[in-house]
Amino acid sequence: MADILLEGRDLVKHYPVTKGLLQRIVGWVRAVDGVSFTIERGKTMSLVGESGAGKTTTARAVLLQETLTSGSIIFEGTDITKWSMAQLKTGYRPRVQAVQQNPWSSMNPRMRIRDVIAEPLVVNTKQTKQQNRERVLELLDQVGIARENINRYPHEFSGGQRQRIAVARALALKPSLVVLDEPVSALDVSIRAQIMNLLKDLQVKHNLSYLVIAHNLATVRYMSHAVAIMYLGQIVEYGETEELFKNPLHPYTKALISASMLTLPEDEDQELKQIILTGEMPSPLNPPLGCRFHTRCSEAGNTCAEEVPELHTVGTQHWVKCHHYD
Amino acid sequence: MAAIRDFTIDNKSLRKKSRPVILQPNFIIPVVILTLLVICAIFAPLLAPYNPTVNSLKDRLLPPFFAHGGSTAHFLGTDGFGRDILSRVIYGARISLSVSMLVILITASIGTIVGIFSGYIGGRWDSFLMRVTDVSLAFPAILIALLMAVILGPSFWTVVIAISLLGWAPYARLIRGETLRLRQADFVTQARIIGTSPLRIMGVHIFPNVVNPLIVLATMQVGLVILTEAALSYLGAGIPPPTASWGQMVSDGRNVIDTAWWISFFPGIAIGLVVLSGNFLGDWIRDKLDPRLRQL
Amino acid sequence: MGRFIVMRLLQTVIALIGISLLIFLLVRASGDPTNLMRTSTTTEADIQHIRQVLGLDKSLPVQYWVFIKGLAHGDFGYSYIKLRPVNSMIAESLPYSLKLGISAFVVGMGISLILGVVAATRRDSWIDNIVKLIAVLGQAMPSFWLAIMSIWVFAVVWNVLPVAGTAHISNYVLPVGTLSFFLLPGMTRLVRSAMLDTLDTEYIKLARIKGLPERIVIWKHALRNALITPLTTAGMLFANLISGAVIIESVFNWPGIGRLAWNGMIARDFPVVQGVTVMVATIILLVNLLVDILYAYVDPQIRFQRT
Amino acid sequence: MSELLLKVEDLQTAFFTRQGVIKAVDGVSFHVRDGETVGIVGESGCGKTVTGLSILRLLPEPAGRIIGGKIIFQGVNLVELSKNHMRAYRGKMISMILQDPMTSLNPVFPIGDQIAESVRLHQGLPDDMIQPEVISALRLLKIPAPEMRLNDYPFQLSGGMRQRVVGAIAMSCHPRLLIADEPTTALDATIQAQYIALFKDIQQKTNVGIIFITHDFGVVAKMCHRVCVMYAGKIVETAPTSVIFKAPRHPYTVALINSVPRLDRKDERLYSIEGQPPSMANLPPGCRFCPRCSAAQDICRKQQPPEVKISDDHSVSCWRIS
């Protein structure tokens, strides 16, 4: 049995849409609509999808930045949605940290690096200044930033260096899970590999779990152990990374992979024909009935428009929601 | 200038070439004038050649030294009561300076608190406070001051209260805007993720980041406050005579403008110089601290 | 769009109630209004009588209700000094203020639009520098001083323009000119910087990529967008104009509501000042409502919002 | 072989700022043929966008200026044209698509008007002929129900649709050359794939030459026939797309391709380039890549490498090659 650190069960987040003088609720944006996933200890799980798919909302829920409409988050065996604020503050928050996409805006420009990295310690622990300082130096070593930079301000660093500092801050409290929201997409191409390699090294060293939010499939394949493909608030396919990329099942997954595949002009005819989806993702305010993907799916049949597809397990670590596997 | 942002310029090479502060005329001239203002205000009794409030009817309406009939005894001439204009201008600095400093202290404090609170807490509080701010911004300060002068009677404190009553609104609006922007900033989200309390977020993460725009706005408001104070004094709703205030002095010359232009002229120049200096200094500080605020 | 106007209208009414309440409370908090009417010959009985006539013996909420009911009927009370209804005094003065204000508005806005656009499109040229100088000096010099100095120059030294009176067109030159200076510098700066920001956007770049002549890029594509920012401050500008009217009318002895309020203040004639304040507040709120609607017209994003 | 459309020779573009002169583009040469797509690939700050703007002569004034080189379009040197002549080329002969569809359309005009403006200006058609032309431009970009879209404002459209409208403006006067500056970067993966397929189709129909500016090798592979790799204001390597991927010669190209994770294979560990691109105000004296190059020699630090032709259509600027 896999060692599961965190599990999301049927997570739902609906935002009300109001209208008029009396703020009458006229509809709901179904940002996340029944999402379940598991994150194993020491492993990386990625949520992949286009903007509006609900991956960021899901991650925000894990980070307690959203109040869920329903669903539960099981952390080391207990449901934290039932915990009190005080319990969360001591038992959950310090264990789940985050690195954000944009290293230029994720640090208070008025704080020195030592304070940026020590902030989680100041807020969550009662350590002395000396203890904090030692921890900060230790963290700087781990992420490959020279110790003498401790008194400098964020703007004195390049994007790549800042992202290293953001990683150091996320590790300050020795968390079990780090949520990585597009950790390299704001960086220059030649810098991305540095950061991805650093994150992989730190994962092995500290037995960290990562929840990665990404839209770039190649990055995801390189970073993660398991992948969940999201579309319009739902996970449509989930699998162990290699299995999923070698044997994609859902038509949407296939289209995404095809879109991100490096195909040279002359290979085009030999390899599998490029899949170009028609149309755009519908609004989560009014998602299609049946399978949510059927409006753009070239293989959609009659049932797809009417019935919500069930989950089909294919092998041990792979499942899909699609009528084709009924 | 998107194309300029397309390549990197390293900060060190930029900094090397800018002139030292002391040689920048946009900085040094206003600073000298404003320093002079402070010195005049503090040491008025030592600097002024005459008592500014004592009438001397034999010296009525003397022109300044360079005009026909003028003398260096009364450098800038005298008014209808024979009071020395130069001495009154020097004493007038006291009113301008104390009113503007006090008003800015009061309005900036209130505005900052309202702005940060409104912007960070949001919701109904925010909509309410912002409606109040909008109405305050759209209300003519002079009219409120006239009303206050009728109710409370003209006095130093009437002026301070009357200007402050609406004066906090620009600060509240600016600081709220900045707070809204900062609230969305990733570093504030990050602070929430690690469990920072709202009060600490407002104090440690938001306030230090609104100090620059606050300083810029406050400097730029110095001129406005001085002008408003002068206008109130001019209208007779300000500090009551015989205390010398620049607006009042301009008003004294209104009815003798055909014979004694200097009574109105010099105090007006004093107001203009000080306001100009305040505005220039504000511009300079803005360019240094926060060029985004160009539209202020 | 309909809903938007209804929302705004509702907010305006609420704001008006707020302001009237504020004025009412300010007045009552400062003490008994009859104190202002006391002279050496008034007896205690007279005061009692006045209190009864003015309804001051009733409870505060009742007084406020009476006050607001009066306002709703356009009843601003009686002048203590002139012993006439305040509303007829306002009605006499308002046309003069409107003539002055509207002329100054048109002149000020027109000049500042042209100056702002020209300065922005010829950034750092001599025209830009002159415009910046006008703006800087205009914002620094006190308007009442400018007004008095213009009297001195044009009426005394050169003797080409009259100082007092309202009959002839030449009577308008100095008051309108100096009053428009309440808008001109600020508005010019605002148009210039909004224009500079707009000229820096991607869609202006695209307009140039299309090969459009600069004339169309600037006066059609850029100006329409650049006007949105100054419009948001139109409310403030209007307030400025009213402050200006009080000052300019007092300098030129112009028989408008500004002078009415000023004379009221000098004579401590409380109902007059109160009446003008309330009336101006109403006008201001209505103007702001109008601006919001205009704003919605310029910015299609607001026009199409169905809130 | 198709006709030569554009030939850029030794282009030098500089920005004259208060802090000094910054050469954003320093001696760039390349060419584009009819119906060909040439990719200009590089990281942010390498000068690829400035190259694109230089061709249209739309550098931010007064700071940006072309200080040397030739831009020969259909035999005419654009650098020497008067302002009015140059304007006649823009939108008609040469067009451009900008990166961010959210900001590149004017928010206060309906999209139909924004396209019609170009058509009216460049095609000299009678008024009743303009609308059909606008609709056909929208149709070329496969915008559904084009007749219904004419009165829409930009904010009513999704990012993908807006970018198609920008494309429709660009193609409305049948230009010969299209400069596309990261047109797909702001779009989602499946929308990006749509857009690329759309432009390949448009290119087949119209034989337009395309300069495709991007930082994304995946997009390059799908879209471009030839690629120029730029680093710090210079083109370091030019080759047909498949050669760039299969047999790159410049150390920067090699490193860049190896440091990008691939979807079609399992990478155990990515190659990572140390350091970061140099500041354009403070360039190294020799080869600009040498501070980050693992194969740097003495000469690399002292002298800039010359451009060497390895084959007909493959050239590299690196001392190791010459």
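Order of writing sets the labels: A, B, C and D. Residues in every chain begin at 1.
Everything below uses one rule, namely that contacts are C-beta pairs under 8 Å (C-beta built on N, C-alpha and C of every residue); 3 or more make two chains touch, one makes a residue touch a chain.
Worth saying up front: this structure is predicted, and the values here are computed from it rather than measured.
Separation of subunit A from subunit D in touch steps, taking the shortest path, is 1.
Ranked by number of C-beta pairs in contact, the top chain pair is B-C. Chain centres here are Cα averages; for subunit A and subunit C they lie 54 Å apart. Counting only residues that touch two or more partner chains, subunit D has 44, 277. Counting partner chains per residue, subunit B shows two or more touched chains at residues 1-2.
Residue numbers of subunit A whose C-beta contacts span two or more other chains: none are found. Every residue of subunit C that touches subunit B in the complex is listed here, in rising order: 11, 14-15, 18-19, 23, 26-27, 30, 36, 136-137, 139-145, 148-149, 151-152, 156, 190, 193-194, 196-197, 200, 202, 205, 229, 235-236, 238-240, 242-243, 246-247, 250-251, 261-262, 264-266, 268-270, 273-274, 276-277, 280-281, 284-285, 288. Those residues of subunit B that touch subunit C in the complex are listed here as 1-2, 131-132, 134-135, 137-144, 146-152, 223, 227, 230-231, 234-237, 247, 250-251, 253-254, 257-258, 261, 264-265, 267-268, 271-273, 275-276, 279-280, 294-295. On the subunit D side of its complex with subunit A, the touching residues are 43-44, 158, 160-161, 188-194, 197, 215-218, 221-222, 224-225, 241-242, 245, 255-256, 259-264, 266-267, 269-274, 276-277, 292. Residues 124, 201-203, 205-213, 216, 221, 224-225, 298-301, 304 of subunit C are the ones that touch subunit D when the two sit in their complex.
Residues of subunit B touching subunit A in their complex: 185-187, 189-197, 200, 204-205, 208-209.
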